[in-house]
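For reference, chains read A, B, C, D, E and F in written order, and residue numbers begin at 1 within each chain.
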């Protein structure tokens, strides 16, 4: 029942890099407003913006053993996505695992549970998105699986899906969709660029987006 | 039913500037401990301290159309106060609206819902106080109203009321009371100044505030 | 019933300094994963790491009078631990009390309630761990006690216990255990140092901790 | 500043009785989906459905003195709406106040705080909608006001407004709008009656509401 | 992108009936402690215990249009599982939809959002498991999909999976696993039966489960 | 470190019975408003009212092994008070343990974690006060202690303390104080009896408690 899948398909690195530059909100829009993890997932420090292929981890409550197993499966640029099978805020992840993952060139970590040693991880600039900050230790008694489909913070994540994460949260892009989503995201950014210039110059969204007629049609009255 | 009130009374700009310098805690005390929004409203970055006349916005859940309508009603120094009629953490507000409001010289934004693009808004130094950070997009399907009374985070806000906001939260001062509240706030600050010096010199609050007799009267025993 | 205990036993200052350097997660582990306050207690700014003997304060809901009483009982390096008898997010503590405690050389404050004036306290570099940030004022009507056992954020704190606090939260070490816990914490740090070097060099935790056999024994399959 | 307004306008009792029969969801719809209190307000027992003119009470945190003051202002069929100025879950209301209000023929109680003695109140069939059930006692030290506008669970309530409450929550109807809202609510119920019969007979909402064309127009595909 | 899948595989009705009799806790154990929805999903009344094939519904925030679409896809004994793409407590579901589903012989409803008309639904004995009780209305503006995979309360649900629900919550069993899970659940119940008799007769779990040796081995001391 | 203390002092059974009849709110008041557990602890069904000596249990997160150990320590009328060292909503307790405790004549259970099989426990009339209802299973891997001091839902509980629990929550009475608290509680009930009669007859609390002068003195104005 408990397996470590060692070979997963990864997305095109150029696509992943492109998605990182787009950021969460744009990518989320570009794929039809799907794939967003719950807003209780927060970065431990502000300013990180990454995209990376997911190495998924499912493990029991209050037991972080499988994270050690997952480290071996990481290729440079990967990000572990850790989902306990029972909710817990305990601190499954801390500095030593961060050092280890940094040595393996992981892009960061997503965990629907607690994280500790946040000062040290911040100094390392190893970005973590977690549900809680909590020093409570965990055990190493029961196994789980690596690289099977998991549900993390309300979103289905398959191994090799692209995780996009920044200060706004975390968005999951299916591997097979990644190139298409990037294309749409870039188109969106290009369009926003023109809009941004007009808005920055003081034009109103009402005019830029041509909303006045439709608002009047809905019955909006100016008094 | 849905209206945009175009003319609202605004408070004296000198009073507004004065209230900004006093900060939320002092203003809240100066008006008898009323007007404080719920503590789930948090700034997206630390260090902003503003006061501004409210342009109120009421809108449906998950629909940010009326924010675009509100931008046109902003005068320099105003702050939109956005209250959805149904609770939602979706990201009604992001960078483009921030750029547009910045171009209109808005002082910031208060929204009892989600905000996104917080990295970009932080770089713009456009302060937002919100209930959540969430990239989830919203629609533009249903209208609401601008500059009608709204309840935001538990407090009644009338258009033209003064919004005072800083790292402690948000306090609402009725327009008609603003000058009087500023006067009391300044008196409070002056009194605190003297107290602060004595405390900083090591005197005890027990003596500065002359509390020992009353404590003994309540039955406090030193053992 | 309501007392101020004026004489408490304090731990050895060298031990306290040692625990500060170890940090919350290590100390929590060193004492068998006990003593951790609930994760809703958060620092008002990032980066502080302290250890200090507790001066405990129990007080009624929405009434901060006893904090003033407690200031007189502080010796340099102490930290007040404030536990209301009924839950409240109100702002029991602000700048003036911070100035007063700073003048008394307190190490910071732990309060299972709200804190206000966080900008000023941050500028003072006076660290506070609290359950909420909230400007709501409190009264001075009802007395409580100082230096009696209290339960704060789920943990029993006796006066003179060592409070260790940093970005990960707060851990309480019983005074009588402090030297022994420090010893174990230092041993742990020393062991971690060696481990950290091996992990930083790219070795896997699976090998460093010799986990492969036990994982296989539990039935983990690599596919 | 603190007043008891003794004379308030009350709505037509026949209208109030009518609204009680319509229930919260229907009344909320009939007035354009406004006036609904936050969903954290829950009845202490299932099955009560009432409507009543509001006698509003604003009072300090953890202090229930003004509820005693409000009892004198109750006329038969009224309901006190109690809003503390600072959030608290303490038990402001219990059996004795329930007995007193029952003797004054109050319709029940709405309180954005805690309630206690719920077994006794349930036996009395005195319905209470509250934010929490909590035995924590309160004090009688500081005054507030009766029959001034208050914000309760996010909604502005004026004295004499109609409170409609049942297992779904609480809806506030402005006194001046009550007759018109009742009319719309009854029309809605009549229309629902016909719809209910068709649905109960197995017809589909898709046909009863004639939705198929509009769904196809939005691009819905059946596969 | 938005589709209604009209043909789904359903599990063997005898297996579904069997799972209903086992209840949530037993089924959850029998399938290796997976498939449990988050504990914020609660029944609107106590005592219902059902199992049913899932008809999945994904829809936008605050928009219940697709529930009407889903009704047509229900076969007797099915249960709709409704997952909005953005979190909301609004009341997507009420009496009329309940009457319609009852007429179609649905087994109940699971919705990660709000439910209203709970008194009427309770009288109908139409069981609903929801995240909130809230009268707030929703719109019918935007389409979603029926019978595609959804994530509901943290669990992946495919159309035709078995939903087991009772007072303990909701457990999802993959269609292909259902017969095997039932077999294990029945074995578990049989074993529990023997254990229950011994425990009811006053024997200790320590002896029934033969725990004393292992506890001693872990170092447990009796003093 | 992990022990089972087999001999504890228990309070006088007559005192325990007396406290059960007084109920939580009265007992909490009688002992100076202390000892109340947090209001997130709720009964799994309404109407139970008990008092019982505590057999305390501390155990690791998601591990219920020590509950089995505790059963052996129960004497008729006792109540286990279970406090995990790390927060968790998992279902540590279910029907079989309930049957076993019922056979040992336990009065019920208090657990700051999850409970499952609530339908069966309700049918057994075995009352449980818990933080959550959740079917998630736990393991039996790590030991804890029985009959050592624990902190449960924010309150220190020593073995042999009296637990009073009903629909209002849970109150802890120190064993040594129990007789004195009962005496005060009975006096309070007697006084309330007279007051209840006057209030039920329509007298106002303002007069019964003689509040009018003090209110006027605080500045309350009737308008």
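We adopt the following convention: a contact is a pair of C-beta atoms (placed from the backbone, for glycine too) under 8 Å apart; a residue touches a chain by one contact, two chains touch by 3 or more.
Remember, it's a predicted structure, so these values are computed and weren't measured experimentally.
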Can you name the chains that touch chain A as well as chain F?
C, E
Could you figure out which pair among A-F, B-E or A-B mirrors the A-C interface, over half of its contact pairs being identical by residue number?
A-B
Taking the mean of the CA coordinates per chain, how far is chain D from chain E in Å?
31
Starting from the mean Cα coordinates of chain C and chain F, work out the distance between those two points in Å.
28
Computed distance of Cα centres, chain D from chain A, in Å
41
Quick one: which residues in chain D touch 2 or more of the other chains?
1, 33, 36, 39, 86-87, 89, 136, 142
Classify the chain contact graph as line, ring, star, complete or other.
other
Using the touch definition up top, name the residues of chain F that touch chain C in the complex.
1, 32-34, 36, 38-39, 60, 85-87, 149, 151, 154-156
Show me the residue ranges of chain C that touch chain B in the complex, using the header's touch definition.
1-6, 45, 65, 68-69, 71-72, 89, 91, 94-97, 99-100, 102-104, 114, 116-119, 122, 132-137, 140, 142-143
Partner chain A, residues of chain F touching it in the complex:
60-62, 85-90, 136, 139, 141-142
Of chain C, residues touching chain A in the complex:
23-25, 28-29, 33, 36, 39, 42, 46-47, 49, 166-169, 171, 192, 195-196, 199-202, 204-206, 209, 211, 215, 218-223
